[in-house]
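Here's a structure for you.
Chain IDs A, B, C, D and E follow the sequence of writing; residue 1 opens each chain.
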């Protein structure tokens, strides 16, 4: 990993995404540098998941550009991994799900076996190794998705609400895992609805609201002195839709 | 109605007398249809999957064509293969005309569009569910193709059975390229057609009943195997 | 008739053989009959065996085939009213131009057919109980050859129609017995040609029978009988004689005044 | 090869001369196959769905039987329908033999197992995804059946096309129950079989080419309709 | 609603559930009375979702019995509704998803229209009414699932982590919604990983751990003086699997 030069920074230039006749992401521009853990926050439907998928290259912007400026011609996609908000499991065992991901990177089978055992142990899934992945509980699947992404040792790890279905202790443990992954040099880009978690994890915060990037600031600055009124009321836990909808 | 009873009687007497000619015909039928379907699956499954996954110019046209080819009349396939394999045709030198191999080729061509079209649909449905995850993991289109064929194996099984049904039922193609030559290329369906044209409806129906029994046996066996595999992967 | 109603409903069904229909004979003579009488004739062309079976079950009004013993049995069993001769043509032995068994030009058909059997040159048989097939089996008997014992070796049963059998014979380089009508209208002769013809035993008589209304009350006896009457009438017979392909007459009318 | 060129020539001359007989045959083919498939879909879709959803004793046996019946030879279906509709048969009085209606009945019987078997698979897959939610909402098995048929409509579409392919390609059944009567029950496939039996392979192939063009047109049209519907429900 | 007599209490008697050769729910016995909001808590994989599905009748216990003792012969299933942990949407519009559920109860179309409009407005989904439900964001889908269940006006409402993917303000709003539903006499049975939420919402708490019901107590008692050591460490946010797994 260390030997490979970084594909970062990731530069979003006026990225716009339209679907179903609606502009869902509106001219988002920002630079994600190697190093700091970037946390994207915003209310439901703000466009956080769309933005992660745009960054990860799963969907193409209908306007603007997404550029891995460090990639220098090489394919950046194999150096990224993502944990989806709804984890998707293949119809095979827990261990085979991790192993499959590793085999896509062409790793030799003994190294694969080692990494599989390692990440399953660290996410508390060792005793489920042979169970069919699709019968796991939702929280267990979320852990498995994290284990699978982690095993790939990506340069950039996208996490879409990785602890939404985890119990309190598991949530803290996963935060430790994220810290550990980050410590190995991996760039973390995650979303969360848990403001406590955002405060604990974030180095910088992107605040998204109705498809627009309202703020991108260091975490301390954002939580202490948010620039926009929207961000301020979000931090206070005020409800946008109730005011807007019921009034309208 | 008497004809139906006569057919049942003919079927049971054929079965219980264990007629040697019948055994020969049954074995040839099985060999031809099973080989053809195996070959068609080897070609049609990846082909259908590729149609679902690989974007290329004219992809929709190919999809329409494949689905139209499901309506390819066996007689037409038979004629084309006949013209290819006939002494005057481009592959005449191989001397394949009126051999079981020719019948296998014709049936295989007939079954490929069916398996490919049904596979395309199944793989497309699976892609909707798993596509982004696979792309995120870095699966290229080929690898994704194999993965989805594997993920959908139990559903695709039905597609292959549909192909087998078509192969074992058709008569037009094997009649033309096989020639329905007794002891050489006579199979169940051509024997049925022959007895029909002779006017021996009871015997024709009797053979039909035997064919359905055979087909039920094969489908049932395949089904049980599938169930067992499905159960074992559930745990 | 069973249904003398509206004009477009007025039709009869004739069960006949592929040789008469495939050659185009019906296409030639039926418009004449239809315009004269307003009766539509629907021809179901199948093998002789199947045609007889159809008529026995009452699914046709008229039977027109070319195997006298079957036709007579049909009448004797009470399925048919009466049999009439209509026309004849003849059978020919065709085979590959190279003629490996050297039968070309022989005038004794039984002797000619014994030669491929002796030389084990491939012979393609219809093998479908058709009139032609029955004729062929009769000739083998006359030639003293036991084809049942020949297995799939030189004697190949194709179990299909005349045209298809000719195709197969062409592909196999085989001899076969064909009716002249099909042979003339067969457009894919390839390497095949007529090698033996003219023996009286190759004579091929066509007969027509009205299906018995006693057996099957719905049979359209009046219209069916009109068709038969027309076929054996001078107008019908002339119509048959006038049908030619490439200058060759395919069927020779030979109706007698009385049915048999 | 010359035969193939001759076939193409025959096809194009038939098409461009706009032969009146050909038009009649084409229209009858379409009428018979489309009606048969519509009827088979009306029966086969709920039947397949019911097999997927309703637990009853012997369900697996019925599933195997339906999938085996996909291998029902058209000739056998033709014979059975013939015996039923023949004057000497139980429905002889209806006088349906040698009419287009008889052909529709035979093709419908032939296509039902195909649509039912493929539907069973699709509905079973959907049930895995939606079953608990539907049961929780209080959908009884019948209601769930209709809901899943609707949810799966775009996938089931392929099953119906497979059925249409079978109907438009088959000749054995319509030949026997229709009798291939000129101007009355002659359809594309029986015309092809007739020309083949006459030995006029080029004309037979030419007709086959026209049939494939037709089938492509229908599949293409259906496909575009489906795409449009799918797009409109996406937004 | 009020006119129909309650199907409650729900009596679970030594309910056991096995699958894949494992005992996943182990002899759970309890009585859920009409009235109090019951909250099921426990770590990931404890069996909370299985227990809800057993109560709701979606799966059959392999041992013991689930009895709606107030039902008295009538079918209890139409008087219940459930919001699944992973919301499942039909391939139709947002409004049609709610309408479909109502049509299953045989409601006349004008009443359906009214209820659909009402629940969509109250969950902030009104502007999505005509959007295809399957393109909604995860949080929006969760709200829609709640709206759909709510529209049915059930006697008993099962909620499987109904706010896991909601933003902080929406979470509080949904808690209000739950309180409102409860106020109309509906029995609430829910799971949550948010201990703060459990404290706010619960009247009584069921603590599930490894398929076993360790405690069923009034909320105040449970949070102040948990009887079992397992419950105590869960409340403190201690991680079971790390200790168990890595040590083993």
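Simple rule for what comes next: a contact is a pair of C-beta atoms (placed from the backbone, for glycine too) under 8 Å apart; a residue touches a chain by one contact, two chains touch by 3 or more.
Nothing here was measured: the structure is a model prediction, and the numbers come from that model.
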Any chain in contact with chain A as well as chain D = B, E
Remark   = Contact tally winner between A-B and C-D is C-D
Euclidean distance of C-alpha centroids - chain C vs chain D, Å = 34
Ask   = Could you state the distance in Å from the CA-based centre of chain A to that of chain C?
value = 81
Note = Taking each chain's centre as the mean of its CA atoms, chain A sits from chain E at a distance in Å of 28
Key: Numbers and ranges of chain A residues touching at least 2 other chains   = 20, 131-132, 135
Ask   = For chain C, which residues are shared contacts with two or more other chains?
value = 46, 160-161, 164, 167
Task = Please set out, as single numbers or ranges, the residues of chain D touching at least two other chains.
result = 89, 196, 201, 234-235
Inquiry  = Show me the residue ranges of chain E that touch chain A in the complex, using the header's touch definition.
reply    = 19-20, 42-45, 48-49, 85-86, 121-122, 124, 126-127, 131-132, 135-140, 143, 161, 164-173, 193, 195, 234, 237-242, 244-246, 248
Task = Quick one: which bits of chain E touch chain D in the complex? Just the residue numbers, please.
result = 53, 56, 58, 77-78, 80-82, 84, 88, 90-92, 100-101, 104-105, 131-132, 135, 148, 152
Message = With touch defined as at the start, can you tell me which chain C residues reach chain D in the complex?
response = 13, 18, 22, 27, 42-46, 57-59, 160-164, 166-167, 182, 185-188, 216, 218
Key: Touch list for chain D against partner chain C, complex   = 86-89, 92, 95, 97-98, 179-182, 184, 194, 196-202
Query = What residues on chain D touch chain E, complex-wise?
reply = 129-130, 132-133, 135-139, 143, 147, 151, 233-235
